[in-house]
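One structure is given below, represented as structure tokens, and several questions about it will come after.
So that you can tell them apart, the chains are marked A, B, C and D in the order they are listed, and the count of residues begins at 1 in each.
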Amino acid sequence: MSRIDTSVNIAGVVLKNPVMTASGTFGSGEEYSEFVDLNKLGAVVTKGVANVPWPGNPTPRVAETSSGMLNAIGLQNPGMEVFIKRDIPFLKKFDTKIIVNVCGRSEEDYCQVVERLADEDVDLLEINISCPNVKEGGIAFGQDPKAVEHITSELKKRARQPIIMKLSPNVTDITVMAKAAEAGGADALSLINTLTGMKIDIHKRAFALANRTGGLSGPAIKPVAVRMVYQAANAVKLPVIGMGGIATAEDAIEFILAGATGVSVGTANFFNPTATEEVVSGIEAYMEKYGVDKITDLIGAVR
Amino acid sequence: MSRIDTSVNIAGVVLKNPVMTASGTFGSGEEYSEFVDLNKLGAVVTKGVANVPWPGNPTPRVAETSSGMLNAIGLQNPGMEVFIKRDIPFLKKFDTKIIVNVCGRSEEDYCQVVERLADEDVDLLEINISCPNVKEGGIAFGQDPKAVEHITSELKKRARQPIIMKLSPNVTDITVMAKAAEAGGADALSLINTLTGMKIDIHKRAFALANRTGGLSGPAIKPVAVRMVYQAANAVKLPVIGMGGIATAEDAIEFILAGATGVSVGTANFFNPTATEEVVSGIEAYMEKYGVDKITDLIGAVR
Amino acid sequence: MAEKFREDSEIISQECIGTDIYSMWLKTDKIARAAVPGQFISVYSRDGSRLLPRPISICETDKEKGALRIVYRIAGAGTREFSKYHRGIKLSILGPLGNGFPLERAGEGKKAFLIGGGIGIPPIVELSKQIGGVRQIIAGYRDEVFLAEELKQNGSLYIATEDGSCGTCGTVIDAIKENGLDADVIYACGPTPMLRALKSFAQERGIECWLSLEERMACGVGACLGCVCQSTEVDGHSHVHNKRVCKDGPVFLSTEVEL
Amino acid sequence: MAEKFREDSEIISQECIGTDIYSMWLKTDKIARAAVPGQFISVYSRDGSRLLPRPISICETDKEKGALRIVYRIAGAGTREFSKYHRGIKLSILGPLGNGFPLERAGEGKKAFLIGGGIGIPPIVELSKQIGGVRQIIAGYRDEVFLAEELKQNGSLYIATEDGSCGTCGTVIDAIKENGLDADVIYACGPTPMLRALKSFAQERGIECWLSLEERMACGVGACLGCVCQSTEVDGHSHVHNKRVCKDGPVFLSTEVEL
């Protein structure tokens, strides 16, 4: 298999393969390191990190749907100081890239995290702009192109690592958001975050999630994700990291053919703890089978 | 079961029960009348009808996804004259309401159909504003609130039957579209139409649909649909017809509890030809079990 | 219009009859008795993540036992699922669907070609049992031959293989030519390139030709317009140049359709 | 940290032991041998439309045979699916998960209450087999009694039923009072109202009390933060007032958590 080149370059950072973990589904890697050799992954993307600890939402926080799940974790996290002290050193033990997912309730929150991480040994920052934005009345940054461009350029000024803007799919036209992030100076894009959904328990006549709405993820959303990755990759020059329902190498290759340079495995970890590693080896097998030497030849090959 | 009242009122039209067929999944009723007693349904919603025959898209037009399917039929239809001569008389043989789904490529197209149907014996018109709009450069009417309000008011002027505006879910904020339709004078809303999606065949390295993108429907999209029905029903005073993944009575009741006055069964007909009738009897059984006398007591009961 | 039935049919037997090719007998209440050659059934998945039924041709029927046979190739997740089931399991099916081959176009004193290509061969088995007149069966394979025993019993069988491992090396048309066969009517089922070739072959020779088409389906009963083929003339139902493979077909007169 | 294993385990037997209540023995390679009482397994659905594993407590283990028993109630589509499976079918499971009951808090010279309520009774079976000291088992049911034979073998069993059809009419606390029981330590698993009552009961009497909590789960291994409960103090891992039921629990000291 040594003949095959699965490496990809995202904003100057070379990953040994395009396979990463989707933020929030893999903690900071520790729990799944019992099942997966983290050295085999292109990168580990951490759970969202804020400037201070966030308690998250009340429970129930998760519910199952057809081929999908809803979550309203509410971005619970221990805050950047604990993250830097505990989680970065853990991840540094492995030969994989570290991508820190950043969340905030205001522009200042995001800026603080990005500035604090400037001197830390992490490879890339992924900015989750679907976080609830208290100041702007609950509409996420990610749904307004002006806000996307503005926050991107503010963070770009402060960041020492390349920044990946993570786009929300709950928009009319994903290309508008992609271009806004590009105009703001983003180094890469990642998409999709979850689709907003709801479930009602008809026997209890109550919302299944305490938060009422939650984010839909898993195989159910894959067709929407592939479409948006295709549209975004064709609208901007930036590398795109695709995610949304990836559970197998076949799914990952579908995203790559649509234009993704990287791929993230999210919800699939919950139903197959070794999903990430299997995606890596499955991609290699596909390349072997079809005589593809460089994975970069597959990126955006269907158009 | 006679004690139970399942009737609902949509814009002055009383349906014996809230269960209808989703446009495009049930033809004009003939094919499924071999499996289902149309007299048992609240209403039959027809396939979209245009002013002239439409050939639709090239094949493949359908593809399967996890708990869902993509379609790009392209609104093939025989045009309003054939529809009026052949399909309305067929449907008139049954004791069910007739809802005609209307499509067009331009405002004039829609107006022509609505005017032509004015003197026909149909109960309600459902306006599909997710049709591709040639004049406005391919963006559907349904994604721009000004266009929604405008076309609604133009059609309202001409329609003799109450009009249901069918909203596209491919928008940032469904309440904006719902309010625009209300401002334009809509009598009711129906949602959701399909989410735009894509599938790629990784072995053929080609799009699964000739049209590249298609509309995602089926159980996969139910959480998004329930959320949007809940949001729309709480944003406007109009009755809302909910759809998106309804396959069982439990699904239908979930939409009703979220705020839907009517419910449509779409993709489920393809995997269970008797789905519509089963939803009707299952709703009755639920009402019996929980001692609900009037279905209207359930509408929007979870908030 | 022929009646359709939805049944929970029990698997009587299943066996693997070739590489990735399976043969299954199903006990049905009404479908087997109602079916005519060339019709198909919709087979529903038992896995809730796969919604759409898979259209599979009826290969044989046993009207007495009320049983029908399907022969299918593993093409993806749905057919792979079916291949794992064994005797006793219930499969939900809908049928018989589509129009079937017009048996009355052959018969006493007429010579017919019954042509199957690859996984289009199964429906030819029942057709060859029920059709009248002179039955010349031509079966085309890539390499591995299957269902030949069944076909041999109901007519003179000519085999073509792409790799030349059996019979004529080449296509079914090569087999016809090599054996100097002729006919008054053609019935065929197989991949589109084969059907396309047969369409022009029939046109050249002026032979009436009935082709069974394949298209991706959703409803299988004519309601969704997912499975259309292009028709030469404006179609009486659609009022455009489209015919529904599931309901107006799958069998069409070759001159009716564009391929 | 205890090791976790993902296995395709074979169903050895399954029987219905009450209305909608099933008992299943699974052959495992490593999980049964590694498990301690109070731990659970994640059971994966075989239907692709249901993604998330179902957490089910380990009811008994047979370390020699490498087998484990689960006892579960049909609560929805997932457990209904499991109830349909029979001997020989493989179920994918992950375990053992969670911390389990701290056996060392009981033992020689100490009296323990082992309390189960409803579908929280199963883990009490293995606990009662392994724990030392005086075992007073109190099992609370709505009406129908199950697993009583197993429980009787490992201690003195007191039953409470809500409808009074067996034992004390009322709750497990009513049963404790009616029988004038006391203990040095409490271990309990059951519905939240029962756990809440036990927490204050234990506080009043100054008894150490270990509670096994339930929460909706996604990953089952501590990664997703889906299953948290509120902790009295800021938690060392989360740095907020949240503990993960799947990883930090499901068993907590009653004073650690808010109910």
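Basically, a contact is a pair of C-beta atoms (placed from the backbone, for glycine too) under 8 Å apart; a residue touches a chain by one contact, two chains touch by 3 or more.
Everything quoted here is computed from the prediction, not taken from an experiment.
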item	value
If a chain touches chain A and chain D alike, it appears here	B, C
Chain whose average C-alpha position is farthest from chain D's own	C
Centre distance in Å when chain A and chain C are each reduced to the mean of their C-alpha atoms	47
Inter-centroid spacing, chain B versus chain A (mean Cα positions, whole Å)	34
Inter-chain centre distance, chain B versus chain C - centres from mean C-alpha coordinates, in Å	35
Set of chain B residues in contact with two or more other chains	66-68, 218-219
Two or more partner chains touched - positions in chain D	48-50
Contact graph of the chains (line, ring, star, complete, other)	complete
Chain C partner contacts - residues on chain A that touch it in the complex	66-67, 219
Chain B residues within the chain A interface of the complex	65-68, 70, 143, 170-173, 195-200, 202, 205-207, 213, 216, 218-224, 226-227, 230, 245, 250, 253-254, 257-258, 286, 301-302
Contact set on chain C toward chain B in their complex	1, 3-4, 6, 44, 48-53, 94, 215-229, 237-242, 247
Touch list for chain C against partner chain A, complex	48-49
Chain D partner contacts - residues on chain A that touch it in the complex	24-27, 31-32, 34-35, 47, 53-56, 59-64, 66-69, 71, 73, 76, 78-79, 82, 218-219, 267, 269-271, 273-274
